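Here come two complexes built around chain A, the first alongside chain B, the second alongside chain C.
Moving on, here comes the complex of A and B:
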């Protein structure tokens, strides 16, 4: 059931209890976790934090902790599957689920006792009504019973036969109704569960809880902003929703900034200041050189077509048009001349309008504490994602989770900077892979979708054995492909991308993303499609990830799986 | 040279400046005591000789030996006392049960002294707090909060808390627990205090 008053029905319930937090591995979940941890520290609620990377981890964690905890809080996992069926908990376990995955499973919505959804009821849900899906079974038992009895020819009795005449007709009528109702129900459920998409950020939900309890701080606000920006960076929500949520956050930011800061009363430079920025869409540009950032950001790279020689010439023209000398542009941003930096944003916007890039600027937030530390929300998202999916050292996922969680605190700046370095490497790897895929025509049109497979020897292919990195690569690749192809029909197709995940076990990671368009609603149907294709070909797949459009598949089963998908989707 | 053995004992202690307890150097102490005995014997004979034969030229050597005896006494006294201070600090750091490797380094008398110190400390703690007893060895620094956030560094299995509930300590899980339950595990190295 949906929780209406999050403070009364969630926070005050767990305030005197011990809670288990099961947190998924994405930045929004990490930020939500940080906010909730800060609230729990404030009120001294004892908790245990367990990172979970997929359904199997969730099951194991639940089994390990179910004897010790009664209250479980699931962050960014568990809403889109029948949780009680999967975990088989005891009667008194209560689950609080704050998840951005939609559609929310109908059993989770209509269970009154054990599942409490920390989701706003009007959050773009469209849940079918109760009567359309569930039906009281009492009438059917009677009809069923008499039906059974008459079918058992071992006990026919003359009296029964006479009474059953009218009953038989009624029974036939009921059975027909039931079949119709079931057909309708299947259709409704199919429509409801067909497309997968994302709702409001979990970090924002918990920030609202903090705000309603008047325990919100600037740190929590910043985490909420990062959680929201994660949804934008990884293309999980539509632009409209992002802008609406930014407006909500902006209200909170201005409330926090209204601290009578004037000439007499100025805050120390070390205090944290969050400000609204209408800043450039160049990834990490303040911590890199402007040139590198333009070369490696998806937006600019796709518009200039930087994988072609022509595109690189255009980039030089663009820089010359703005009057930026190459020497300045290639050095670290912090060392650029002040005169250039002052009007940089407006100058770039003007020039990019000439080159067809109308939205080079995006609404976002930046934080500023101390003399050296300025970060944009998207910088933090990229850094933390790179730490979370770090493939450089052979560390297990929980170590990476903890490092990423730590990097969100203001006191762990070296970790954040190391994350930014990793993010830069990742972006450069993505750009090179995109360039090579397009130049060597690795993207094939299979009819209803586009398909690309990264061979094992591709440089940096180890980076793409992680789901978020592979998804980011696919989105960039699709955008670049749309710019480079002349085939109009291909531009409207979705993309499926596969990359080797585990060489020893011989599996690949397969990711499906919806087609790219201006008005895309980011709804992804690949989840169900993958399930059906796997079933029909009995391929060995592992649907472990919380996003159903990301699966692991045995390399040998790749071709038959693809063929099944093609037949399914055409 | 006289008194060298005694100074060596002191140097041994100084090498381990951080409060660690090296093994009890029984040989060294015995050698120093033997030297003191030898010096005393010599002095005795010389004093008797001086008294009987009125020889004034033995007085400087008697005085020298006497100074050496005093020095040896001071050194051995300092050695034993410093070790006792270190053992006392161990009680405050490790609790009433010392790890086996530390106990191995202590002599029998030191162990006895430790047992008596423990008893004395325990009766003192019992007398505090209006007869209820107060464990003063906890919270050596004033704690900032009742609960602390800890991360589990190695698998430890289940931990039972004061109210009987269990917490599963698995590697890399993070917990927010009362300070008093975690402190000894932090000292053992199973949990790590997370400061954010």
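Moving on, here comes the complex of A and C:
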């Protein structure tokens, strides 16, 4: 069931209890976790934090902790599956689920006792009504039988045959109705569960809880902003929704900035200041050089087509058009001349309009504390994602999770900077892979979708054995492909990307993303498609990830899986 | 003594806070802490004030001496006088550090206060160094310094006593048996 008053029904219930927090591995979940941890510290609530990377982890974690904990809080996992059936908990375990995955499973919505959803009810859910999915079949049978009996007892036995026929007719009628109802139910459920998409950020939900309890601080506000920006960077929500949520956050930011206005009582420079920025869409440009950032950002790279020689010339023209000397542009942004930095945003916007890039600026937030530290929300998202999916050293996932979680605190700036270095390497690797895929025509059109497979020897392929990195690569690749192909039909196709995940076990990671368009609603149907294809060819797949459009597959079963998909989708 | 021990002792000082919660009187070993009512200021030790502030349960009111004009006056006085003037508070350095690190959003003009307190500290430590230097070079028997705070004493204690010990050893080697310059042991 949906929780209406999050403070009374969730926070006050768990405030005096021990709670188990099961947190998924994405940045929005990390930010939500940080906010909740800060609230728990204020009120000295005992909790245990368990990072979970997939359904198996969730099951194991639940089994380990079910004896000690009665209350479980699940962040960004668990809403899109019948949780009670999967975990088989005891009667008194209560689950609070705050998840952005939609559609929410109908059993989770209509369970009154054990599952509490920390999700806003008007959040674009479209849940079918109770009567359309559930009905008490017992009552119908009993009603029918008692009607039968009373008929039989009130009439003498001579007329029984006639009444029996009447009763049989009624039963046939009832069964036909039931079959029709079931067919309708299957159709409704199929429509409801066909497309997978994302709802409001979990970090924003918990920030609202903090705000309602008047315990919100600027740190929590910043984490909520990072959670929202994560949804935009990884292309999980539509642009409209992002802008609406930014407006909500802007109200909170102005409320917190109210105190800064007073000149007499100005705040110390070490205090955190969050400001609304209409800033450039160049990833990490303030911590890199402008030239590198333009070369490695998806938006600019795709519009200039930087994998071609022509594109590189256009980039040089673009820089010359703005009057920026190459020497300035190639050095670190912080060391660029002040005169250039002052009007940079407006200058770039003007020039980029000439080159067909109308949306080079995006609404976002920046933070500023101390004399040196200025970050944009998207910088932090990239840095933390790189730390979370770090493949450089052989560390297990829990260590990476803890490191990424720590980097979100203001006191761990070193870790944040190391995350930014990793993010730069990742972006450069993505850029090179995209360039090589397009130049060597690795993207094949299979009919209903496009397909690309990264071979094992590809440089940096280890980076792409992680789901978020591979998803980011596929989105960039699709955008670049659309710019480079002449075939109009291919531009409307979705993309399936496969990369080797574990060389020893011989598995590949397969990711499916919806087609790219201006008015895309980001709804992904590959989850169900993958399931059906795996079933029909009995391929050895592992649907472990919380996003159903990301699966692991044995390398040998690749071709028959693809063939099944082609037949399924055409 | 470690500077962190001095800071620990400083945390016993009382500071005014404005809580936002309700609690009855607390009976602790060190004394009673009055009933907590939202919006009504009361005095609590610094350790409790900082704990409550970190849990967002109170607002800290800066002590009277932590004001830009008063500190500027004190700094001028300190620079002019040859001897030590009374310090803003017996634990001014530690309190400044603790309050400005954890509660700087409740203290107006925090950066200027930090600079002023550091200036006062620098002047006093310079005077202390000069005085220690003249004490040793003129081989005085005893000295009396007023208005020093525990943190300043602690800063110079190690160096001064070690150097006096070394001088004693050197002197007793040169003039073995002579009782000139008997120094108090610590």
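As a convention for this text, the second predicted complex is superposed on the first by the 542 of 570 C-alpha atoms of A that agree within 3 Å, B and C clash if a C-alpha of one lies under 4 Å from a C-alpha of the other, contacts with A are read in each partner's own complex, and residues count from 1 in each chain.
The definition used in the following text is that a residue touches a chain if its C-beta (ideal position, glycine included) is under 8 Å from a C-beta of that chain, and two chains touch if they have at least 3 such contacts.
Treat the numbers as computed from the prediction; the structure is a model and nothing was measured.
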### Room on chain A for both chain B and chain C (clash or fit)
fit
### Task
Answer with first, second, both or neither: which of chain B and chain C does A:50 touch in the superposed model?
first
### Message
Applying the document's definition of touch, where does A:215 land relative to chain B and chain C: first, second, both, or neither?
### Response
second
### Task
Using the superposition on chain A described above, determine whether A:41 touches chain B (first), chain C (second), both, or neither.
both
### Partner, of chain C and chain B, that touches more residues belonging to chain A
B
### Message
Quick check for you: in the superposed arrangement, does A:312 touch first (chain B), second (chain C), both or neither?
### Response
neither
### Query
In the superposed arrangement, does A:268 touch chain B (first), chain C (second), both or neither?
second
### Task
Once the structures are superposed on A, label A:399 by its partner contacts, choosing first (chain B), second (chain C), both or neither.
first
### Message
In the superposition on the shared chain, how near does any CA atom of chain B get to one of chain C? Answer in angstrom.
### Response
6
### Query
Taking the two structures together, which residues of chain A meet both chain B and chain C?
41, 44
#### Entry: Contact set on chain C toward chain A in their complex
54-57, 100, 104-105, 107-111
### Contact footprint of chain C on chain A as seen in their complex
41-44, 215, 217, 259, 264-271
### Touching residues on chain A, where the partner in the complex is chain B
18, 37, 40-41, 44-51, 64-65, 67-68, 396, 398-399, 401-402, 406, 409, 411
#### Entry: chain B to chain A touching residues, read off their complex
145-147, 149, 151, 158, 165-168, 170-178, 195-196
